[in-house]
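Heads up, there are several structures right after this.
Paired with chain B in one complex and with chain C in the other, chain A is shared by the two complexes that follow.
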Partner chain A sequence: MKRYLTNPKFLRSALPAASLLVLLAAIFYIQPRAMSQFGMNLMLQYAVPIALATIAQMFIITVNDLDLSIGPFVGLTACIGATLLNTNPLLGVLALLACIAAYAALGALIHWRNLPSIVVTLGMSFVWLGIAVLVLPTPGGTAPDWVKAIMSFKVPGIPFPLIAAAIIAVVVHFALMRTSYGAVLRGAGGNPKAIGRAGWSLLKTKMIMYAAAGFFGVLAGLSLIGLTSAADAHIADRYTLYSIAGVILGGGEFVGGRVSPTGAVLGALTLTLTGSFLIFLKISPDWQIGAQGGILILVLALRALINRREAQA
Partner chain B sequence: MEDSKEMFKKTLLGSVALTVALSAGIASADTSDKKIALSNNYAGNSWRQAMLKSWDKVTSAAVKAGIVADAPAFTTAENQVTEQASQIQNLILEGYDAIVINAASPDALNGAVKQACDAGIVVVSFDGIVTEPCAYRIAVDFAKMGEIQVDYLARRMPKGGNLLEIRGLAGVFVDDEISAGIHKGVKNHSQFKIVGSVHGNWAQDVAQKAVAGILPSLPEVAAVVTQGGDGYGAAQAFKAAGRDTPLIIMGNREDELKWWKQQKDANGYETMSVSIAPGVSTLGFWVAQMILDGKTVPHDLTVPFLQIDQDNLEANLSNTEAGGVANVEYSLEDAKAAIK
Partner chain C sequence: MTTTQIVNFEAVAKSFGAVRALVDVDMQVVAGECLGLVGHNGAGKSTLMNVLAGTLSADTGVIGIHGQNLTRHYNVAVAHDHGIRCVFQELSLCPNLTVAENARIFHASLKGFGWKKRAGKMIIDKLDEIFPQHGIQADDVVGDLTIGRRQMVEISRAFTVSDEPLHLVILDEPTSSLDVVAARQLLSFVRKVVSEGQSCILISHMLAEILDYSDRILVMKDGEVVEEKLAQEYDRDSLVAAMGNVVESEAIEAHEENIKIRGKTPLVVKAVPRTQTGGIEFCAHKGEIVGLAGLASNGQKRMLLQVFSAADRHLNDTRVEGPVALVAGDRQTDGIFHLWSIGQNVGVRSLKNMVKGWLIGRDQEDAMASKWQAKIKIKTPDMNNNILSLSGGNQQKALFARALGSDAEIVLMDDPMRGVDVGTKLEVYDQIRKEAEEGRTFLWYTTEMDELFNCDHVYVFRNGQIVSELSRSELTEEKILQSSFKESA
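Our next item is the complex of A and B:
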């Protein structure tokens, strides 16, 4: 038992959950009021869109790419959600589907021309932002009632964000880690040559992963306006970095194929809670962003330590 | 028997004490156990820095005087809606009784603001206001700020003349509002005509370059209408072009007031200066305190302008820090007067 617990492999997969639990314990210690369904709901609400954006980023990282446009993309879908989807649902759904199709097309373009994803997505981030400003020139709009209803759904006893996070993690884990085609998709990032030689279409895997990222980006945008009730073209600019940090905190790596959906969701929850933790600690705002980075470095240093032990073993 | 008598006495005493305490609570301000937080979205310019400094100065005095228990300020790192929304949610959890907000977005924080209201928290927004009906708003009438400039010019120059308009940052609603006010003023006083319009981006260097660029194409300019932070640059451009200095409306910046003072001493130059005092954050604080105190306050308030005239120029200049903005901090009495 003890050997199993100190096994580096186990330690590495337990690290995301452990950092979340430690952070949660620290928050409950500083601010006991947070230890209630109301408190957890408030603290973790904004973790739901971040978790969805993190999953979107994870799909891209799985195929060994990086998406620098997911933040503005979520902002665009939020703007569409708060305008078209509310006033003209059919047109709204079509626009959101077009967004997903555009993501799939990006995947195809990146594969076909062998372009660096960082450059393409960095460029696209301005395109998404531009369209978002066109759709909603000044902050405002109204989220459709059904979106708001879903996001304010209450289950007695359990905070809704935790249920949502669990559903996201389980669904994506099953699709990506437990199905045979999921293994192909991961392999396309980890060892594309082998997957290609085995007869799978790499173009198709890339398009599917980009489309999945687009789909989760749309979900992130809709869940976000479900919380805020209105949109703003810049509403999710920070999500690009949050999502990357979430994937990495959750045990993912930039080498393609090495990702963990559960870890990514836990990473998103951890990131959201760091903000609360620093506010409860009453750390001066000038230091907060630095302190947030400090916590990230701490977790990553722990992982590097575990990795080293794994290499020795 | 003796015991029950004693007890009766004690109960009676207790209830008398309670009644006294209760009536005292109603009669006088008792917000001494209340906590008010400032949620601020941005701190990256001199106006915002002055705003935070004013908040700190007035609230720490109020805490010391026992008017409120605590009044810290929280600023988000990157002027992001989602960041400020979770900040507000954390403040709800912290158990603040009121939250004063300078918001990153008028609409997108409504979800969090509603949650605060539902938790029984008083929400007061100022400068960057929120549209959620349950919150209080201390708004700035930017159009009026443009209009009173032309009104002033009409008093000074009954015959009228040509105007040069310096605008702010293109695409920001504040710029549109002030400009609309100026144009409305020109409509009311038809003796004035706007002969040129440039964007000065509320910065002296940008304004100077823009004015220098348009000056050669302009006829004689009688006055310059501005948005603040651009008057000094305009004056420099006129000087460099070797043209007579027109009447330039100032915007309460220290460099503008200093230039005005020099001109006043040298040749009796006369103008006026108008802007919003960063100390409006302290008006937000007192409004929140008054609401917690049980006073009735209208949900929509307008910030009074800080106008500087020829005779109070020296007093305002001496109170303004180098590189800063003329400021006033509100006292409880000022705030009471302002909401009437």
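Our next item is the complex of A and C:
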């Protein structure tokens, strides 16, 4: 048993959950009143959109790319959700579908022209932001009532964000890790040449992964306005880095198709909680981003340590 | 036994730029035979197999499969549909997936409910059949397996059958990372499969395997099939002789005349390969051209890098006296700076001597560029042009100029002449010999036999070890081949 528990492979897969639990324990130690359903709801309410954006980023990272536009993209979908979707639902749905299609087209372009995804998505981030400002020039708008209703759903005893996070993790885990085509999609990140040689279309895998990222980006935007009930073009600018950090915290790697949906969701929860943790520590907001970075470095250093032990074994 | 023809290649040719990788190759494979394919590095074996597997398309020639002419539109999918599978030399498994998932990638029909179980059973059954006691689980992640086990998975996967036919499996160096037991298991399995009417093409550098397990042997050299006989008509020596080529170059004969006596000049490099267990030490004396021979990637490059890293720091196992420069073999990744001019590419190793105040002296850089343009004949109107405006051979010359123009007393060469035309080669050989006479030392890793005859002393590498050393007067192609290939396994 002890041998199993100190096995690097087990440690690596347990790290995302362990870091979340350690952080939660620290929060409860500093602020015991947070240990209530209300407290948890409050601390974790923004975990849902962050987890959805992290899953979107994870799809892109699975095929060895990186999406630097997911933050502004979530902002755009939030703006569409708070304006068009409310006033003219059909047009709103069409606009959101067009956003997903645009993501699939980006995937196709990146594969077809063999472009670096970082450059393409960095450029696109300004495009998304520009459209968002056109859609909603000043902060405002109203979220559709059904979106607000979903996000304020209450289950007695368990905080809603935890239920939502569990559903997201299970659904994505099943789709990506358990289905037979999911294996092909992940293989396209592990050894694209081998996938091509076995007769699969790499263009198709890329387009599917980008479309999935676009879909989860839309969900992130809608869940965000469900919480805030209004939108702003800059509402989710920080999500780009949050989502990347969440995937990596969750045990994913930038190249090689090694990702974990459960880990990514746990990573997103951890990131959300670090914000509350730092507030409870009474660290001034000016220092919060730096402190969040510090926690990130700590966890990643631990993982590097485990990986090194694994390499020695 | 039937004699159904599976593959019929007629005059298949393939060129990469100026290099003719395949020259009018004819090849036939019938059902129920194992065809052995041998040849030295770069003889065209892998190119030929890539054409057959559909991953490369032939320039000219006829590709016939099962009596159908499929020359047009021949690709991986068509090969797969006709039951032709290939185990490639570089592994084509996805390291992030499990063994079962990798089997699934190979078989499009493995889907729907319970696919993981079916895929796992299929691959494990085949592993059990070929390599009993393999110790691999269906849910092991491939990246966590040892290289030998990965190869077992890859080989077994090629023999699994779902709803597509299986007629021919190409095994390109299948035993290179298998141990002796597993290699024998595989080869016995190949004989069994062949006796059941399927066919194999076996490529191996271990001649004993080819001699013992194939029915017919095809010998390739310089992109051509030079001999084709039944396996029992060969023995080890006649096979080596068929693979070899005779060197008849005047320049080399001239070099032969002034064979130097070793040890007259001081020792400048002394090292033991890190993977060496006892035996021969690697030594180079001032003014010597020392060759590193053997089959590709058997530790020669590692040796060069070991010497390179010892140049500016103290290492226990390596002693290097004097500054070192490296001439890269893989120009595009290790050699040139793509965005720089030719002159800048030549000068980068000597920047220290060009510094004027805090800046690089343009005059000195230009002077060095034009000096070496004349000396090594780089064909360009202007050394300020971008390096990519040069042909491959001239880019390589610029890299030589970078090393030769520097203060380095020891020049390491990492098979730099790959894909360079003969004219350029001869010019560079001359330059190297001239520099060696003036006291420079060259460590030259080459996969081309002819180039070794420019060397004063040759070390033969196999599996990261130096297995023999030959002075210039002892050097023959046969001796190098004999020690490059493993003694009969």
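By our rule, the second predicted complex is superposed on the first by the 311 of 313 C-alpha atoms of A that agree within 3 Å, B and C clash if a C-alpha of one lies under 4 Å from a C-alpha of the other, contacts with A are read in each partner's own complex, and residues count from 1 in each chain.
Please note the rule applied: a residue touches a chain if its C-beta (ideal position, glycine included) is under 8 Å from a C-beta of that chain, and two chains touch if they have at least 3 such contacts.
Being a predicted model, the structure only gives us computed values, none of them experimental.
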item: Three-chain arrangement built on chain A, chain B and chain C clash or fit; value: fit
item: Contacts of A:180 with chain B and chain C, given as first, second, both or neither; value: second
item: Greater residue coverage of chain A in the superposed arrangement, chain B or chain C; value: B
item: Touching partner for A:256 - first (chain B), second (chain C), both, neither; value: second
item: Partner chain in contact with A:113 - chain B first, chain C second, else both or neither; value: neither
item: Contacts of A:234 with chain B and chain C, given as first, second, both or neither; value: first
item: Angle, in degrees and to the nearest 10, that opens at chain A between the C-alpha centres of chain B and chain C; value: 130
item: Partner chain in contact with A:199 - chain B first, chain C second, else both or neither; value: second
item: Shortest span in Å between Cα atoms of chain B and of chain C, once chain A is used as the common reference; value: 35
item: Chain C-contacting residues of chain A that also contact chain B; value: none
item: Touching residues (chain side chain A, partner chain C) in the complex; value: 9, 178, 180-181, 183-184, 186-187, 189-191, 193-200, 256-258
item: Partner chain A, residues of chain C touching it in the complex; value: 55, 76-77, 80, 88, 92-97, 101-102, 104-106, 108, 110-112, 115-116, 143-144
item: Interfacial residue positions of chain B with respect to chain A in the complex; value: 43, 72-78, 80-83, 85-87, 89-95, 104-112, 114-115, 173
item: Contacting residues of chain A [partner chain B, same complex]; value: 31, 33-34, 39, 42-43, 45-46, 49, 138-141, 224, 227-232, 234-239, 272, 275-276, 279-280, 282, 285, 288-289
